[in-house]
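Some structures are shown below for you to check.
Look at the two complexes coming up: subunit A is in both, with subunit B in one and subunit C in the other.
On to the complex of A and B.
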């Protein structure tokens, strides 16, 4: 399930990244800062989930065939579900972001058979493993928060069982733990995971920063949860300490949805004409993104010093994405290109290269 | 804590005056640059209440205010040190773009600093919240032990009243405050020493590819100088920017890097990304600036911060010459010159406005000091630039401005005869010397008629091979280099502007000439084509022994209220306390009797830590009055966050 957590956290990155890069330079500083802040924390969540996974002796697989979902993709929101797209920054996109980060609201009558889950008729639409409990063909998690609750309970249960036999489930190589030597940001620190306590701490941080399950605007560290960060954009005003949900009293600002490049929603390489510069750029972006995921994969499998080099990869991605986002489609000059995040899994060379380095690491 | 706007307790003029009248302030600090911020942090964390008078508006403490600076920089066609910071006639600042060739005997009044010559000095500082650390490069070197005693050792300049050993524990505090990235094993040379098992807060930043290429070419080069052999090694510089925290720091407790101000909204300022425009502004705030320290002080709740308050006069009591109050002009808008004249008093007064402004304010107040040295002994590092084109692409423009250099001409016997120097390898190409890359594009378009893809390729080809050595040459104290004031020259608020007399001695020129010779050897060893040329039309031009040179200022103003052993030979004592005015402290690089070949910020920050310790001791001896109230508990809690 934790590998699914890594996949789930990553699934938010293409939409957030595209929205961020679609904002014209030097406009909407508040929106840029807030989307960027959430993105950085999603990367922290990936790191935390990977650390827990590594502590259990497993490794995340950023190169798995289905790791990057095909957009639009479904995410659960209580009884219903909603679509997440790769799209420009807009009022609609913002609503989706708010839905992604919505605090979990437990339904009164959750099916007792599978905790935190509801039976859905359209269970099959969910592409992300995280949404579906193992081996279930009809049940999906009620919310992302419920999914993490399930992981937490699973770890506690399994570790208690193991402890009774004088064993532990935390058998991973501690050298695989990504530390703040290679990852740190303005808010939230990497938790290195060695045992039950540290594992639960790591998961707690993900839940708290993301969905904010306590329904508090600020957590104990004085950080805003993602939902309320985004809500500030909706309301055009910053929260400050002491505010109640929905009623920020901080500095006011205006969000300017016009100063955004008109990125095509959920673009695909096939949308760009053969031999067009956009197509070249889209292929280039995807190739770079895949190479980037390969680097990250290596980093979380014992080669964490590669995270330093991955920074250059991120600048390269930004450059590629900007070329797509700032240029019009030849077929429709009122609409611009965008990164498609379509990965190719027929390329054996990429896979082989990564495995080789992993073995030597 | 929810940072930024809410913790910045800007008070009104009326509130400040009321609290001043009730004798609530233990200290009044003028200026919120690194010196003022350190003093404010140290005093408030012990429970004392301070008032900070800041000449500039304070919106830069918010994220949007900061972003405006970054936008200004992107938009401004000139990329000089002060390009991001708006013009403010009420608290003007010098800009290098104001400097031009002087006519002998004629004052140049174009810029804020009146240039009286004979040489024009293009050094600058920044009058905004956070001070000049907003635009500093953040290369952060300790001085060599021998730099503290150049008069007694080499017979030049002035000695310090204290030694390297005296300052060593404070260097450590300053390196913690700034969050320095460096490796001890690469920095302990020519007498620089550290406490046992000391490690810097963060690991050293990696050298650039260019550094490695230059190192390969010039490492091991030997120079005979006054009977000593100087062997060249390219070494990394300590940096005041976030790198990888060292887990061994503080006996294994590690170090937590400080990110951007108001980080709860932006999550920025973690690791340095190598955006190459550290000067004039780090777009992601990975570079230290004094607002980070200031914010720690503000969090105690004991700082009253009054922006748009320009100190205009230090008023002293007749009997004991102690400071009675500070007069200041409070303006409501940078657009208008109307102001309210007000005064505040406190137990201690700390002038932390920088070497030029401290002396300017004292002289404008009619307080030249009993030694007569106020404003004299103005020093700065003198830069000689040498630039060439490498035979291979060297990745120029990658990394921060400058990651490595040469320290092997900073020491030794030659200091009796010629100025020593450090050498910077610049990662930003010829920018400083020629205005590259903008001038490169002009040349390629206008003279070579390039356009489109070919132009793009030519720009890359041309810039990737650029190499610039910046030689930072020591200048020693000389009373004829000085700051003065004259009622004839005033700013919009009617405050007297600084007048600069500046010249280079033969000692300086000999060092510059020798540094140029080493550049020729380096270029030769690297197979680089030497493009350096020094036009007689340049404002920094001078001729020495038949050769042409020009120099650039280093923005390291110092020496204007020099420290010493008595009221006869100095303005302040080793605690930066005025000899003449017992409750007045003049802090910052103005107190430094020599500057060696180190950028001045680390040493002045260390001095401020030393001074804060002394002031805390003084206050605790005098007053127990407010220390026991609830404010103190608050501050203590804040200190334990």
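On to the complex of A and C.
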């Protein structure tokens, strides 16, 4: 499930990133700041989930064939009533972001006996390997928080079982833990995971930052959870201490959906004309993104000093994505390009094929 | 193409010819409309119109690149009125700064109150083409991360502007 967690955290990044960069500079400062803050915390969550996975003696695989979803996509924790797209910042996009970060249902709101799960009449075919509770194919997690709660309970259960036999599930090499030394300060402190306590701390931080702690707007550090951060944009007003959910009383502001580049929803390289700069840039972006994921993969497999180079890579990716977003489609000037996040998993087979063709010739 | 779109198209091509960055690179800075607006505010609609129509006329009349370059040199950069404006546009694109026009020009063609030396916006500074030209990050902005300065610059000319003979602007 932690594999899916890393994948899940990553799956939110292309949509958040595209929405953020679609906002024209010097406009919508509130929306930009909020999306950026959430985006940076998602990167922290990837690191935390990867650290937990590494502590258990496994490793995340950022190069796996299905790691980057094809958008639009369902999220890999099993939510099936909304799709997540790569799109410009808009009211609809914001609604999706609220769905992604929604707080879990509690008590009588839940229509199943399984914790954190809701009953589904029909399960969609997920773009990503979906994680469903055992024994049931008709239940899935209602929120990301529920998903992490299940992971937390699983770890506690398995570690207790192991302890009874005088063993532990935390058998990972501590050198694989990514620390604050190389993590480019963003979104909070990285928790290095060595045992049950640190694992639960890491997961707790993800849950608190994401959906909020026990349904409070602010966590113990006074930090607003992702759902309520986004809700402020919906309501055009900031929360302040003492507010109740859904009723912010802080400073008001206006969100200007017009000052946004008209990015094509879920763009694909195939949408851009052959020989266009847009196509070249989109291919270049994807290639660089894939190289970036390879670097990240190394970083989470014992080479954390590679994160330094990866940060430079991130800034270059930002530049490239912004260029795509600011350029109109040659075929339809009313719509702009955007990063497509299409990874090439067939490069090896393509290479092999070209060699074969050459040999035959 | 509606008039406004046509003007933007002409402006991007003129800027491309003057800076040697193509439309993709110029659009990519997000500064096109701000710069056209800045230019119009300072030198006025008429001079902008004259600059753009001269550019289009030279472009359309040129059979090859040499003719085009000579035409731009003589009719725009060598022109008493248009030359300083075109040079200012080059500086604007490269640095994000509008530099006050020379005094002689101001005396001959009009002194706009807005014609002072200023950064168009904080974004215009970070989006200056000079940073792309030397593959460096603007000081104090667009931080490329710790140690990135130890890497050699990666300068390429993929997005250079190109003259395409027989192009019609309208």
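In this section, the second predicted complex is superposed on the first by the 308 of 361 C-alpha atoms of A that agree within 3 Å, B and C clash if a C-alpha of one lies under 4 Å from a C-alpha of the other, contacts with A are read in each partner's own complex, and residues count from 1 in each chain.
Methods note: a contact is a pair of C-beta atoms (placed from the backbone, for glycine too) under 8 Å apart; a residue touches a chain by one contact, two chains touch by 3 or more.
Predicted model only: the values in this text are computed from it and were never measured.
Because the two structures share subunit A, they can be overlaid on it, and in that overlay subunit B clashes with subunit C. When the shared chain is aligned, no partner comes close enough to touch A:198: not subunit B, not subunit C. Within the superposed three-chain model, A:259 lies out of touch with both subunit B and subunit C [touch as defined at top]. In the superposed model, A:219 lies in contact with neither subunit B nor subunit C. Contacts of A:281 after superposition: subunit C is touched, whereas subunit B is not reached. A count of residues in subunit A touched by subunit B and by subunit C gives the higher number to B.
Shared-chain residue A:85: touches no atom of subunit B or subunit C. Using the contact criterion defined above for the overlaid structures, shared-chain residue A:311 touches subunit B and also reaches subunit C.
With both structures placed on the common chain, the touch criterion links A:30 to subunit B but leaves subunit C unconnected. Of the two partner chains, subunit C is the only one that A:326 touches; subunit B does not reach it.
In the superposition on chain A, contact is made by A:41 with subunit B only, not with subunit C. Taking the listed stretches 20-28, 272-280 or 416-424 of subunit B in turn, the superposition on chain A shows a clash with subunit C for 272-280 alone. Shared contact residues of subunit A, touching subunit B in one structure and subunit C in the other: 26, 184, 311, 315. The part of subunit A that touches subunit C in the complex is made up of residues 24-26, 184, 277-278, 280-281, 308-309, 311-312, 314-316, 319, 322-324, 326-328, 333. The touching residues of subunit B, counted against subunit A in their complex, run 1-2, 5-6, 62-64, 67, 71, 74, 244-245, 247, 254, 256-257, 259-260, 263-271, 273.
Listing the residues of subunit C that touch subunit A in their complex gives 5, 22-25, 27-30, 121-123, 137, 142-148, 151, 158-159. Contact residues of subunit A toward subunit B in the complex are 26, 29-30, 33-34, 36-37, 40-41, 179-182, 184-187, 189, 218, 222-224, 229, 238, 240-241, 250-251, 253, 311, 315.
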